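Have a look at this one.
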Amino acid sequence: MSIPSPSAAPLRLGVIGTGAIGRDHIRRCTHALLGCTVVAVSDINPEQAADVVATQGLDAQIHSDGWALIEAADVQAVLVTSLGPSHEDYVLAAIASGKPVFCEKPLAVSADGCRRIVEAEIAHGKRLVQVGFMRPYDPGYQALKAVIDSGRIGAPLMLHCAHRNPSVPAHYTTDMAITDTLIHELDVLRWLLADDYKSVQVVFPRQSSNAQPYLRDPQVVLIETLNGTRIDVEVFVNCQYGYDIQCEVVGESGTARLPEPPQVQLRSTAQVSSVILTDWKERFMAAYDVELQAFIDGVRAGTLTGPSAWDGYAAAVAADACIVAQRSGGVVPVGLPERPCFYSR
Amino acid sequence: MSIPSPSAAPLRLGVIGTGAIGRDHIRRCTHALLGCTVVAVSDINPEQAADVVATQGLDAQIHSDGWALIEAADVQAVLVTSLGPSHEDYVLAAIASGKPVFCEKPLAVSADGCRRIVEAEIAHGKRLVQVGFMRPYDPGYQALKAVIDSGRIGAPLMLHCAHRNPSVPAHYTTDMAITDTLIHELDVLRWLLADDYKSVQVVFPRQSSNAQPYLRDPQVVLIETLNGTRIDVEVFVNCQYGYDIQCEVVGESGTARLPEPPQVQLRSTAQVSSVILTDWKERFMAAYDVELQAFIDGVRAGTLTGPSAWDGYAAAVAADACIVAQRSGGVVPVGLPERPCFYSR
Amino acid sequence: MSIPSPSAAPLRLGVIGTGAIGRDHIRRCTHALLGCTVVAVSDINPEQAADVVATQGLDAQIHSDGWALIEAADVQAVLVTSLGPSHEDYVLAAIASGKPVFCEKPLAVSADGCRRIVEAEIAHGKRLVQVGFMRPYDPGYQALKAVIDSGRIGAPLMLHCAHRNPSVPAHYTTDMAITDTLIHELDVLRWLLADDYKSVQVVFPRQSSNAQPYLRDPQVVLIETLNGTRIDVEVFVNCQYGYDIQCEVVGESGTARLPEPPQVQLRSTAQVSSVILTDWKERFMAAYDVELQAFIDGVRAGTLTGPSAWDGYAAAVAADACIVAQRSGGVVPVGLPERPCFYSR
Amino acid sequence: MSIPSPSAAPLRLGVIGTGAIGRDHIRRCTHALLGCTVVAVSDINPEQAADVVATQGLDAQIHSDGWALIEAADVQAVLVTSLGPSHEDYVLAAIASGKPVFCEKPLAVSADGCRRIVEAEIAHGKRLVQVGFMRPYDPGYQALKAVIDSGRIGAPLMLHCAHRNPSVPAHYTTDMAITDTLIHELDVLRWLLADDYKSVQVVFPRQSSNAQPYLRDPQVVLIETLNGTRIDVEVFVNCQYGYDIQCEVVGESGTARLPEPPQVQLRSTAQVSSVILTDWKERFMAAYDVELQAFIDGVRAGTLTGPSAWDGYAAAVAADACIVAQRSGGVVPVGLPERPCFYSR
């Protein structure tokens, strides 16, 4: 990728949605990333938008709604960080305006919605969409992929994964274990293996007594890929002890394990110990910076390379199959259509 | 358990079968264990039996067959280390003679055979049989069980296990992954969890190119226990890199992992590394001594406490279900009858 | 520290010295850091300066020498990355011009030179100097300091450290083990402990056969602090296997160890292993960005907080004592004067 | 070593001293080791001796004193586990009687005493004495030695060691850090390196507030070997957190670290942790069995190979030098005479 000249003008961003994630991305664009400036914001709650502008000292226009922001002449690219159900329409509008758009997950609340975005982008003729899947930008996953791609462990045959949260809010439901939690594995493992999913199955261990009565927690999701790799992902969102992401790849001649965050090793009170993070935001903090910098650099360089609308669609299709599998107890085919040439890997 | 007086006479053992395992147990009884002496041996190949007596300098009688050995007046207890198909009959004969018998796995080549032994032992009225499952005597598994039983990780919900061998001989077949390999997990996990199996399922990742064409390797065995704990065991017998036994228990509030054998940590040639064993015999070497000493001490103290005929039967029933599951691809109930009071935990 | 407004104009930097480190800092200021722009460069070799401007696409003036650059009206702050012997004069000139200056180590080639800078800065009345010690900006050392400061291991009593390089160039001499290698520990350990050095001693193990005949390698430097903490630092610059930085703090009730860089854990070829870096530049790569960003932010906020001229002086005084100790074999007092209030911790 | 025939009669042992260590060795000889039987005991407190015989169900004669025990016709070998000051005389008496003797450390309370034993043994013409240094029988140290001897890390240049106890009783004094604690390193490191000590130095960090006011704790002992290897041993007997033995060997091309005892890895309450032992008896428990079995096997085979009287003498000479170094603060030569051919390595 060509690096934009340092003297090139910064990319002028408009941000739709100024909730927690929106604010965090605005802070990021303003105080951490290079080559961008936030020139426009909007929110369904205009006071909140005004508050962000004031608090963060932005020189940005507050638009009455996302549609106006997308069409504003000085907005060169759009960040969609509004509530999930609004994503699809904003992304479609950005495509219609020919403006690059970074959309937080989910790209759309249904696989069909994702597909409409894919079709619109293909019709437009050039990649404009990056989905906010940050794990491919995590140095740990990148190192793991480098080991796989080096051939040092041979062809991958199995993956053993875990996604554990200390606890979840009361409104978290059994299907959110797929759509909000597993969705990250559904994205990153496709990328890690350069493969797609063939079928899924979900089995339920006995419920943790720490889970809400209506929440099936933990769950184990069993996935078969087109290449025949078998993946098991433990999803356990009331594990109490920490936010813990595990991924072990078993290849034909060796195994490789996702690095854990570096920590001081302590010896005290009859144990040797290291801290496990409890806050998911810390675990992939650096990756959020890198993914958004990649979007900005990509837009400025004229080529987006991050998670695409197709990736968002593929994850949504797999998630839908998992939801069906949760209910049926059986093996459910994923049924992702063939990847269009437009989205070559 | 009462410790036998040091001045008590040693237990007089007869050993049926002087192949590799028989010889190893004879060496163990003669040069490593306390309170026993090998006074009789037999083998279908009498020359081999004679050779062992000569090589190991035993003062032992060579019997023409196992039946004669079992009935010999000076044999107080029997070790059955002959070929698998002969186990059932020898064990039944020992029970008929009222003599304690340590039988290498399998207790019998069929679950029905194991059941006949169970019934004979119950009819006899007192435990006489210990099966050669050594993992419950491994200090690592014992430490893991102690953690579970302490409640420090809460009730177990999931187990993630792996049983990996570098390679297997050409005659190793797909069902031997169950009967020769997984059988150790089928035994030790029941003991670890103090639970029994409800159903099993087997899924096949794509075959390793290092496996014989007719061998489905690796396999993933999915087990549900009566308590609802979900277990996945990766069986991979051509993993190339080592003999590697993994067991992670995920409880309601924490996880616990089987210790790995202690090794020197090396820093050299741009890596930090530790040796992984490649020979299964080394991995549980100490446990073999402990299990047989437990048999000897148990016989002398009048109370056997190790893996029972029921445990051998339970493992056989579960293995049978796994074989069916290998072929059907579906979820197969295990169907172990209720545990007789005779075999209280 | 107040964060400068995003709309504030970037800090205009002049860079004296465009060798490897200078270029790297120019790249950093141009493509990685926020709030600065390189507007001037100079080098004793003007062609090299011109080459950097062209290669990196800078909009920067090439000055005939460092003195001109320092006095240039549009240069607001100076980076000194020229050869070591020139540092002192450039830094003094920057102070004389009242311009903030970031000076790569060494601050001066003698402790006396450092002291002259300290005196000039005190006379100026406000901190202008930051020395290029990056380890206090390393997240690992910061985490280690946080553990110490938390009291979780009690008061520090001993530190066991190692500074190992795979190899060094032929011109590397025995005293460079102090001035070029140990100097990083001499800086970071004062900061880690919030303490100063009382005395030093150097002992020489037998020489590694991989070292040049005239190079005493390895060395062990023994340090006592004013608080009575005892530090041992192994300096081994031909250790072959990697660039390895170790630091274990032993406190009254526990120990804490510097985290190692996160790496994929591999199981292959009968060993479990992780990569050890071999290139020092990779080990503290992130810290270089953070230290320079801290300088830029500090200048813009009006308050420098990083390693000060006094810190540079203190390290130089300790290094001088180590050189004497190398030659005498005895315990050598460090003799740092009392810290002026100007440089409160 | 030739293994004694299993039918050979067991070695008849007499044990002098039935305190904690004596009882433990009696239990060991009676219930854990092969090829021996305790036939005689004595103690300065005859009631205590009688109690041991009764409690452990021994068929052993109670002698009025150690001299009578040594001379008793049915005692073939002697274990000396009485109070330290009595060791020398009992060992000399055993040598005079031509009986093999296993003597707990110290072999004698002075180096001169050890030397008298060495001279008596040489005069006798055959090795009769084994000293109770158990670390060379620890599988961890054996594995570490195997790595060194394999050449995988090159010639050893430095050793970094730590010997930490959670706490010590009130009567423990500063010199006992050498004679009771460091003595184990003084023995095992000579064996590990196949080298001897040239000089020692002791430095004192500031005292831990957890130590008795009169106890200098921790201490750092610096040792130079004849080959020029430099050893630092931290001795810290009030470290609070555990009984922790560390040993890192730095060779010309790599490093090797003593394995830690295997433990379950736990993830709970925001940390990953493993237990550190707090009781020294557990740490080397297996090694005690192995060392005493080696003595028994050695006596029965006619060749003692364990730690010799010379090893006891060498450790005592080094310990004396350390005591001098504690007081002088300087570098103290060790001054071990040349090893007699009688004690070839």
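Note that the chains are named A, B, C and D in the order they appear, and that numbering of residues resets to 1 at the start of each chain.
Keep in mind that, in the parts below, a contact is a pair of C-beta atoms (placed from the backbone, for glycine too) under 8 Å apart; a residue touches a chain by one contact, two chains touch by 3 or more.
None of the values given here were measured: they were computed from a predicted structure.
Centroid analysis (C-alpha atoms only) places D farthest from subunit A.
Per-chain CA centroids place subunit B at a distance of 38 Å from subunit D. For the pair subunit A and subunit D, the distance between C-alpha centroids works out to 59 Å. Between the Cα centres of subunit C and subunit D there is a gap of 46 Å.
Annotation for subunit C: residues touching 2 or more other chains are 240-241, 253-255, 260, 267-269. Chain contact topology: the protein chains form a complete graph, every chain touching every other one. Contacts from subunit A toward subunit B in the complex involve residues 154-155, 157-158, 160, 162, 203-206, 208-210, 218, 220, 222, 224, 227-230, 232, 234, 236, 239-241, 250, 252-255.
Listing the residues of subunit C that touch subunit B in their complex gives 240-242, 244, 260, 267-278. For subunit D in complex with subunit B, the residues that touch the partner chain are 3, 5-7, 30-32, 34, 37, 56-59, 139-140, 143-144, 146-147, 152-153, 253-269.
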